[in-house]
Structures are given as structure tokens and as C-alpha cells.
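Input: structures, listed below.
In what follows, chain A forms one complex with chain B and a second complex with chain C.
Now for the complex of A and B:
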């Protein structure tokens, strides 16, 4: 219930932050990198991440969120969220790091297997990865000053 | 450079192409080349019992254009002294793209065969309606579009191998070859699995023995060129090869839509035939020509019927 209350309050708060930016205790940045296959000298292939200059539909990308507490006090109840931009379909968690909770409507978050999608003619079906509209991570512990991390998920260009 | 008449035909090409797309069913919607995809993350937390929020930078990528092409043999080929071998070029890349084509006969060594697009979309070559490709290049084709084309085989070619090559005009090369800034919408273009090149090899067979009727044509415009615009004269040559045993052989051919019969142009083996239904072997009117051939005397024989039309 606590997170629900946070979400309801979020819109007006965001406006206030934009109007008079205070000292930002949280540094948040995002990067989208393309997955490219690199062939090693021994003939094996590995996936490397590269700048997404030649991304075409069907290509896989990794979306990374870098966060850091640049303030002097711990940051509690931190929720990091990423709406899927148009043209990008959610694929799954990154190879390393925690898996995000996902949502198909931007309101209810859960593991993908627990989500359903209402059908136009009534009834519902199990949600697929491509149905995901938002991902988020909730940090269990307060983020101490000077610490941070990286979260990531993978997606496909539609 | 296209004449005004050819432009009209290209519009028909575009219309026919979109019909083919509709018939092929809706393709999975792909993000168009040049489309920006912007990612923004946000954060919410509690500071001193007060909700706070922050937003990340906006990270933008521009979707590149994937260049791919496919060639396929047509359902059948039209054979005869001037053979038009039908094939289909498909733009299976993600952007709008024109393609350069080259056709070669391996055995006779004939390179740069003339190529024509099926301008009226009827699947049959007709020089009055199917424009030759200028410089062997197709018009720009939308993603997913297919264009029916003809390779025009010279009459002398016999039991040969036709090789057709197509390349994306933007560029081709090993899969993954990039052409910075050359994609639709200003992004990069990059070759897909086909390398943006395709090759089609087809046998060119000699006509089978037995009766056969072949049709060929030549175009002469007022300016002396071969441009098939309004007012140009198209002369059709119908070559009937008879095995020798046929009774009452006869050739009839409808006047193509969009053209008018040129009165007095009907000939049989070079001799004029009057248009009227009278004592001679032929008749011609706005709808068709009809010529009774001399009955063969047991040995193979060839007769040639010619007539001309003016493009409306």
C-alpha cells in the first residue's frame, strides 16, 4: 500500500521538481546499447554491447540505468522505473543483475507470468514480453550516500 | 530520365505494387528507418518523509535502414523469337529502395540485356505498356513491395543460361556493411542477410517442336526513339510455326487495350491484306485482327503476320 500512495503523489511532485530544481541527491542516467555478435579468434561467438548506430527492426538492445546517491543522506524507498519507448519491445532481464517487475498498463507491477491482458471481445490472455509497457525496480534497502549501481533489461527493436 | 508517358506507367507500377502488398497480407509492422527511439527513466523515493522524484537524460537512437533484396522466377516464361522471361524483384529491406539490375546470357556472352517492368501489372510483356528500365534501374520500391520484370532475350539465343543480378542502389556488400547517413530518414543504411544483392539463374529453352505462335513487337515514337508514349506506333510480329499437318490454321489477336489499330497495316508474309472481310486471307478492325494461314503441305513451315497500333 505504501508504494501505491507514492505513485498517486508522483505526478504533482514531478511538476514541482521541474519548476524549481533543488539540489539533486540522486544521479540517474540511461544508456541504450546494441547487442552485436563478435567472432573471436578461436571461432566462438560472443555478444558484445556497442553504440546503437546501426540498429534495425529485430535487433536486440540492452537498456541500462545507472544510479548514484550524490547527496549526504540515505535515499529510502527508491523506485527506478523505465517506460518502454515506442519502437522497443521488452524481451527480458539482462544477463546480470536483478530482474525488474513489469507492467502491461503502467499501474499493476508483477512478474510477467502473473500478468494478464484483457481482450477486446472480453476475457483475457496471459501477457507476453512484448506486451510490457513499463519496468521498475524497488530497492529493498536505503541507498547510502556515495553508493549506486546499474540496472538493465533487454529489448528488441520493433 | 523518364518521359511523361513513362511517368504515367510508373504510377501504374506503384498502384499494382500496392495491390500485391495487400494480397500478400499485412506484414508485421516494422519501425520505419530514421525513426528516433528515445529512452527516459525516472526515480521516486522518500526524503525526510516527503516523496521526491528525478528523471534521467533522454538517450536517443535512430533506427537504421536494413537493405535486402530477393529475386524469384516468374510463374512462367513467355517463349518465342523475342522471349520475355518474367521474374519478380522484392524489396525485403525496411526502407524505400531502388535497385540496379543486370542480365547476362552465359553461353552467348550477351551482357546488358534489356529489362522492362510490368507497367500494367498483367504479367505479360507488351512494349506499349511495359516501360524499359532506364539504366537498368527500378523505380524506388516501398518496403515489402514486389515488382514484376521481364528480361528480353534476343531471338538468336537458344538453350542458354540467363543470369540476373540485383543490387540495392544505396549499396551492397557482406551482411552488416554500413553506409553512414545513407538510410531513409537520415540514419545509417546497413546490409541485411542478403547483403542487399540477389542472383537468379534461369535456363532459356529452345521452343519445343510442334505448332507455336510467338509474338514480338517494336516501338517507334514520333521522335524516332523507342519510347512507348502516347502517339508512338507499336508494330506486332506474330510468327506462326506449323508442323505441317494442321488443318485451317488461323491467327487472331485482340488489339491491346489503350491502343488503336493502324488501318491498312496488316500483312501476311510481307504481303498487305485489306482490313475488310473480303476475298483475301485477313480482316482487321478496332477489336482484333484475324488471318487465315495457308494450309501446310506436310512439312514444317513458318508464316509471319504483322500489324501496327498507335498508343492512345
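Now for the complex of A and C:
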């Protein structure tokens, strides 16, 4: 009796998901932009973001995640995760937008100040930005159809 | 208790694994190798109407460009040579800070600046060496017949090698300084045994692409003067000098004496029997540039005198005396900088001075009584 109820409930949902166009309602894309110094007419310099055509060790980059709900139903429990690419060291959150939760092992996420790293000889030390291996954002509220946003963090080329 | 322990162990393993992975991808000080692709891909998990789903983002990729940076250091600012010396050697080290394998071209040249404005080098250039060449050390740090390569071939990131400038010194004249410089130019690597061509920085205005490795000069102005080098030009120039000069210390000793007491008078004391006489040996070095080291003074007592035990003082002036010394021959046991002793058999006073520099004369004093 109980099994039957579950089946009955599950069947219409499965149908609804299959019928909803498109099959993947979340559109997620990533961009990496290099920080370049631009000289303004008044002689000052400012930091601008440009395509990463010229990037050498020590340069700063901004990693951006663009997300949008292209479906018809709200998207709940949205978690956007970005493992740090090889050759990139985490530096901090971008100037605008929410700061991500970070992790030094891909398992435990917390603000950086609360993370520690085990030392090879025993004991542990406070984690530094360069130790971060994963960043993620959890959206507290469901993403309504047709809405989206951009999240970003900054990193340094190792 | 068991559960907690297991949890800790699991946590420890996970951290160790990820630390190992992070370590493996950590490059040296020169940074991630040029041409390495950096690929980013994000992932999202979500649910729609209670059904969980995941989606991967696109993969974005770009290549790390080549950051050309290196340093050249002269091992000594000046090197002592003699007139007519052949194959006099100056030693330099070159370190490749570029995030790729590089050749470096070596171009030794003479500097003829009349004023002593070159960083780290005293005096003015007043002669030229001949037959000047540059060679790469074969690994033993000493210039010898095996060192024949004239450019730095295939230097790995963060590698340091030794380079020599070799030249002949003129046989005649009264010269003092020959300024030379080692001019080093970054060149294309990746062809072992072949001298690469000098690098050209990728034009800033060029239509760069994410999938090509640009050449970016990041070297500093090696002389800090914008004189023989400029920042970010893929070159370095470091100065050193051959020096000819008098390197012999000019030592002289002046002996003096004064009567300290004669047992009768308090002024105008006389050399009466029983009077105490203080002798002073004052050592001077006429060559201001070259200290004399381990100077040993000996003085045999005149006849009809007796040494006053414990009266040796070394290291000050004739009047003040300096450090008091004991009379035994072992100078290591008294913790003093200077040494002093008296040998009763030979009636000889000895004093040892570790160094006598040009500007400051040093005294050794001792006392005798007239028999």
C-alpha cells in the first residue's frame, strides 16, 4: 500500500520533468579574465579585466561563473562549485558579489579563517588563501525562471 | 571513542591526499611552466521540483605565457691581477628565473667610463685588457681548459650556472683598474647544443590569442642606472674590474723607552739601578689598503736588565699599553684578542697581533728593571 502511493506520486513528476523544455534548465558558463593595468588620460592607472591573452606567473585573474535559469520551473538548492584549476592559486573574493565558501580538501567548506591544514610532521596550521582547492556558493533562495547572475573570485597564476 | 578515532583517521587521510596533490602541482619560484594550459570548469548541483540534477559548465582554457627574467651577479667587484698575467679570470653567476628553458648569449665588453660611477666598483678605469672572452663553467666552478662553451645552453627554470670572463693583462705601464662588463641576452632555448637567437618580446599591440605562448620580458634594470641596461629588455649587464696595485703591507716597527720610576725622584727620573723602564714597540702599516695579519713581534731584553713579570700589554698605544697578557707561551688560554709571552731561557718578549690595518698603529709594551 505504501509502495503503491510512492509510485503514484513519482510517476507524474517524472513525466513533468521529461516534458519541460529544455532538459537542463540551468545554463552555467565560466570565464577567466586577466587583470591588466590601464593608463588613464590623467596619468593614473586602473585595473581593468581583459581576455587572458597575456598571462604569466604572478599575474592576477578573475574567475567568473555566469548562471541562468532557462527553464520554466524554479531551481532550488543551487550549489555552484569551482575546483581551483592547476596552476592557479586562490586569492580572495571578487570586489563585488558574495564571497564564496572555500575548502582546502574539497570536503569541508567554511570561511578561510576557520580552516586548518594538517602538517606532514603532525599538528596543523591555519590555511592560507593559496591552500584553497575548491570554492563554492550556495544560493539560499530558489532561482526563478528567467533569472540568473554572476559570481566571481580572484586568483593568482602560480 | 572508536567512532571519533575513525573519523579522525579518515579526515587525516583525506587531508594528506589533497596536500600531496597540491604539492605535486606547486611549481618552483619561476612559476608555472610557459605553455601550460590552465583549464577552468565549474559544476552546479540543484533540484527542480524535488528532482536533483547536476550540470557542468563550459571549459575555458588559456596558456601560461613566457615570463623572461634572469639575474647576473659578479662574484667579486674587483679581482687582483699582475702585469703580464694571461687568462686572468672574473667569475659571474647567471640564474634563469624564466618559467621555461632558455639559452643566454654572453657578450663581454670593456667599459671606459672615466669616473667611478659603476655600481660596486671603486675608482676609474685606466687600462684595457686584451683577448677578452666569456666561457661557461663545466660545473666545477673553476676556469680550466674544459670550459669552452661561449653561451649558456638550455638553462632550466631556477637553474644557476657560473660564467667566466677571461682576458690578458698588459705587460707594461702603471695601470690600476680595468672595468669590464658581462652583457647577457636571453635567447631561444629548446635546441640542445645550438645557440639560440635572441628573444624578441611579443608586441603588446599584436592580436594575441589565448592559445599562443607570448614572450613577456620581466627582467629588471640590472645596474639600476639605466646606463648599460634597461628594465624589461631581456638583457642584463653586470660590472666587474681587474685591479693592479701594491698589495704588500708596508710594516715598520718603532721602539721607544721611558723610565717609569727610579726609586729616588718623582720627576726627571734617572736610569739608576733598580729603576723600572718601559719599552714600547709601535707597529705601523704604510699600505692603507692591505692589512697585515698574524704579525709577531719579538724583542730580546738588553743585558743588565730583568723582566718585570706580567708587564706585557698589547693592542693599545705606547702610553696606555692595551690588553694585559700573561707570561706563558700559550696565548689561547687567556681569552684575549692579542697574544704575549716572555721566554726566560732566551730572555725574549713576544707579542702576537692578529691584524694591523693601515690607519691605526698598534703598540706592545713591557717593563724591565735595571740590575
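In this section, the second predicted complex is superposed on the first by the 136 of 158 C-alpha atoms of A that agree within 3 Å, B and C clash if a C-alpha of one lies under 4 Å from a C-alpha of the other, contacts with A are read in each partner's own complex, and residues count from 1 in each chain.
Operating definition for what follows: a residue touches a chain if its C-beta (ideal position, glycine included) is under 8 Å from a C-beta of that chain, and two chains touch if they have at least 3 such contacts.
From a predicted model like this one, the values you see are computed outputs, not experimental measurements.
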item: Clash-or-fit label for the pair chain B, chain C on chain A; value: clash
item: Partner chain(s) touched by A:131 [first = chain B, second = chain C, both, neither]; value: second
item: Which of chain B and chain C A:75 touches, first, second, both or neither; value: both
item: Which superposed partner A:86 touches (first chain B, second chain C, both, neither); value: both
item: Contacts of A:106 with chain B and chain C, given as first, second, both or neither; value: second
item: Chain B versus chain C as contact partner of A:114, first or second or both or neither; value: neither
item: Chain B versus chain C as contact partner of A:25, first or second or both or neither; value: both
item: Partner chain in contact with A:65 - chain B first, chain C second, else both or neither; value: both
item: Touching both chain C and chain B, counted on chain A across the two superposed complexes; value: 13, 17, 24-26, 28-32, 52-58, 63, 65, 67, 73, 75-83, 85-88, 143, 157-158
item: Residue ranges of chain A touching chain C (in the complex, touch as defined); value: 13, 16-17, 20, 24-26, 28-32, 51-58, 63, 65, 67, 71, 73-83, 85-88, 104-107, 117-118, 120, 131, 133, 143, 157-158
item: Touching residues (chain side chain C, partner chain A) in the complex; value: 12, 14-16, 18-19, 21-22, 25-27, 30-32, 34, 36, 38-53, 55-58, 60, 62, 64-67, 99, 202, 204, 208-210, 214, 216, 218
item: Residue numbers on chain B that touch chain A, as the complex places them; value: 29-31, 33, 35, 37-48, 51-57, 59, 61, 63-66, 94, 176, 178, 180, 188, 190, 192
item: List of chain A residues in touch with chain B within their complex; value: 6-7, 9-10, 13-14, 17, 24-26, 28-32, 34, 52-58, 61, 63, 65, 67, 73, 75-83, 85-88, 143, 157-158
